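Labels A, B, C and D are assigned to the chains in the order they are written; within every chain, residues are numbered from 1.
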Amino acid sequence: MKETIVHVLERPRLRDPVFIEGLPGIGLVGKLAAEHLIQELNAVKFAELYSPHFMHQVLIKKNSVVELMKNEFYYWKNPDEKGRDLIIITGDQQVAPTDSPGHYEVVGRMLDFVSEFGTREIITMGGYQVPELQGEPRVLAAVTHEELVGYYQEKLKDCSVEVIWREDEGGAIVGAAGLLLGMGKLRSMYGISLLGESLGYIVDAKSAKSVLLAVTRILGLEVDMTALEERARETEEILRKVQEMQRAMLEQTMPPAPEEEDRGYL
Amino acid sequence: MKETIVHVLERPRLRDPVFIEGLPGIGLVGKLAAEHLIQELNAVKFAELYSPHFMHQVLIKKNSVVELMKNEFYYWKNPDEKGRDLIIITGDQQVAPTDSPGHYEVVGRMLDFVSEFGTREIITMGGYQVPELQGEPRVLAAVTHEELVGYYQEKLKDCSVEVIWREDEGGAIVGAAGLLLGMGKLRSMYGISLLGESLGYIVDAKSAKSVLLAVTRILGLEVDMTALEERARETEEILRKVQEMQRAMLEQTMPPAPEEEDRGYL
Amino acid sequence: MKETIVHVLERPRLRDPVFIEGLPGIGLVGKLAAEHLIQELNAVKFAELYSPHFMHQVLIKKNSVVELMKNEFYYWKNPDEKGRDLIIITGDQQVAPTDSPGHYEVVGRMLDFVSEFGTREIITMGGYQVPELQGEPRVLAAVTHEELVGYYQEKLKDCSVEVIWREDEGGAIVGAAGLLLGMGKLRSMYGISLLGESLGYIVDAKSAKSVLLAVTRILGLEVDMTALEERARETEEILRKVQEMQRAMLEQTMPPAPEEEDRGYL
Amino acid sequence: MKETIVHVLERPRLRDPVFIEGLPGIGLVGKLAAEHLIQELNAVKFAELYSPHFMHQVLIKKNSVVELMKNEFYYWKNPDEKGRDLIIITGDQQVAPTDSPGHYEVVGRMLDFVSEFGTREIITMGGYQVPELQGEPRVLAAVTHEELVGYYQEKLKDCSVEVIWREDEGGAIVGAAGLLLGMGKLRSMYGISLLGESLGYIVDAKSAKSVLLAVTRILGLEVDMTALEERARETEEILRKVQEMQRAMLEQTMPPAPEEEDRGYL
């Protein structure tokens, strides 16, 4: 496997679909939110993305079955005939932060794929680390085009979550949540990123809930949030086991590290 | 050399061959097991795999002869006319854990190659690090497809080694032992990974023996384990010398490391 | 996005243009100088360079609008009909210092692009770290060809800034400021690098001023330096916010680091 | 520049040339030896190798002139009509040790190039780090093929330097000195690596002398060693200046490092 590939399981016809991204990041906020949305909407998996830029490992799933690292595309057909359909992506991981070209390749492949279904709007979900939280986590919003600020503010005006719009410059959105908007913009797509405040050290169900509330408000959907905390606990447990095993296997296949001192350049 | 290549020395006709992998990893369990199997079965080397993703060095072999880093394919023709033949791979190293795309490239090339001989089943061998051992090392099993659990459990039911089947989710198999199954699955191959418990700090002959006992049970073979401990001692000694020389040469060709503090992003 | 691309917004006709580079580096000297020059000359943006070798993130600009990391080309048409026009490049960042091939790719693409407008001369601007400063920052000069030393010395002879010409060998110019000259030389281009002395820990307006004074002397231009210090303060504030958010997001997407001790090579 | 290139300045006709490599490594032994050989023989530069895998910088040479990082090929025509000619390579650096594929690419390109001149034999020179030295540095020899041991031992039998032939297995030769032999062997080339013992912390003229004495014995040449120590001192001074400047420029262009603790894998 020399480049990122998408295995297509089904080719649904979708009506003006909104592409929603929730991949692992700060507090696993985006991933939790996406998985919850998929489950509550009974969204259907229709494609898998594999990449040589993902970690070189398989995950052990239930009953000792292994699976290659992947991201997964789900679709949801809106029962309201005038409503818009959804494509949701979540997955095991993002490309490692030391591999920027890998990120650009994977995100480019995602945009290629969702374009095939006529996608124009993108909503990305994630966490936004803060040193301390006061009350319910707020949500930071950022958009592809200045003229969209009013459009989204209108949709979010009755949201029970406080949404922060920054007027000054500064800050960065790292990874797919940012790149999908930035690269999408070069292809005439538009959208919004919604980042929930999080302390970041746990799988953060509260932050995911804040983000999901804002997303559902934009989409005009209702989603039950009851199962969110339970899902966060399960995710945390699985993660712990993966990391233990992974760490041990990585340690023993490293070449010897040159010592930090005393390196001549030539 | 810009990509992974396979030098073919011979093209044997093989009967429904099982592909067995034992490359360096935790406790060198997989490599030891594969080398022992090759020696006891008098398997024949028929191909070498070279990759620009291997360490940029040669190893010094006996009598001051150097050889490029490589992996080696061996075949064994089953004397029982109804039995299945074997392809066994072992080698000097796996791709560095910092180079995920290299792993995917090398494992993809391995699968391309063994497919040419009609391979459908894969058995991968390795170590599984545990903080302490009680009694003989147990073996952790993981498979490509859920419906194979019963198939392999039946074959392993009289194995003198305790085989662990995990029902819950969590854990990862890093490197070729995992990728061969995960990527093989995408090509309609199937198989099992057998990982021997190991403290991981030594070349672990006991763990390799546990794994080999399980493998031979699946294959219906008998293999003498007497020479395994002696082989572990020799391997340990060679490794020590390679690392000493390698470490010194790497240290002196590094560019100066930027200091950890005080890095501006732009 | 699999390689560096240039999005062209306009194709101006330029008269024997000088290509001036000011990208982020020590003390942000080059970037500050380039941005100031662009603003004071009212130079016009005509192309954007994007690269998968830039950081995988978007920056948050004013009013919560995101933009992909990029470098930007500006042109300035000399009102003097006999004068030479300018192409100026600045941007969010350079390729990471761990990705040398990325640097060569990006700089090669820059040279391809400016060649289309007939560029032969290159002036690169940057900082040169010194442990302490005495008086106004001096400027270190380096050129592509020995026969140019006299040419540039003549132009710089009335410069109010002290320009250092080194007679002995030793030293390196890292990144675009160096590569543009080195790679340009292979394409029969010529030019000079002007590096302002800087302590390097701040956004250094004084050093940028020294460099700009030398550059304007070479070009025969007058540029007002009043706004330079204010610009440095703003840049510093934006940078601080980007780094805070970026650091948090990077920390939470890293795979577990193998521990430094106890790595076997195979 | 997307791959390694060779700029050819002249295409000499060479008689069965021996290819001699001396690139930077432990104690700069190989580079010093190669440069001394080039100077004493008045060898002629006929090609330059550039690579995107070299450090992204230019070096500042005498009189403030910059040059891209490179390796250089020299030839020497043997005045003895029956003698063999030489191709010697030295240069500013080797590919960084973190970039194995870059090493394979660059060394492959070197072998492509010298093959065009009919090269079959390769001699590589380098250092071999030891914790302490007793008397004159000895030289460790390693060859491509076992049947060559006798051939080279015969040539070296009257060498004033002690040459070590190892009978046991273990050890590695990292970088071009090793890869040229390992990859050359796959192209039916043959040769020897000569590594001088060195403490490694200095530019080591004594070790370079030992290696050169062995090389000249194999080639049947006489070379005056007087200037070797002076050259070592000069090299050390230039290196120091390059590193100082390089280190400062690298530090200020790094993206923020994720902290070592607290990395989630997804």
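Everything that follows uses one rule, which is that a contact is a pair of C-beta atoms (placed from the backbone, for glycine too) under 8 Å apart; a residue touches a chain by one contact, two chains touch by 3 or more.
Please read all numbers here as calculations on a predicted model, not as lab measurements.
With centres computed as the average of Cα coordinates, no chain lies farther from chain B than C. Under half of the residue numbers found at the chain C and chain D interface occur in both copies, marking it as a different-residue contact. With angles rounded to a multiple of 5, the C-alpha fit of chain B against chain D returns 90 degrees of rotation. Averaged C-alpha coordinates put the centre of chain C at 34 Å from the centre of chain D. Put simply, the C-alpha centre of chain A and that of chain D have 48 angstrom between them.
Across the assembly, chain D contributes residues 24, 55, 93-94, 96-98, 239, 242-243, 246, 250, 252-256, 258, 262, 264-266 that each touch 2 or more other chains. Those residues of chain B that touch chain A in the complex are listed here as 24-27, 55, 93-98, 100-101, 103-105, 107-108, 126-129, 141-146, 149, 165-175, 178-179, 181-183, 185-186, 193, 200, 243, 246-247, 250-257. Residue ranges on chain A touching chain B, taken from their complex, read 1-2, 7, 50, 52-69, 96, 98-99, 102, 237-242, 244-246, 248-256, 258-260, 262-266.
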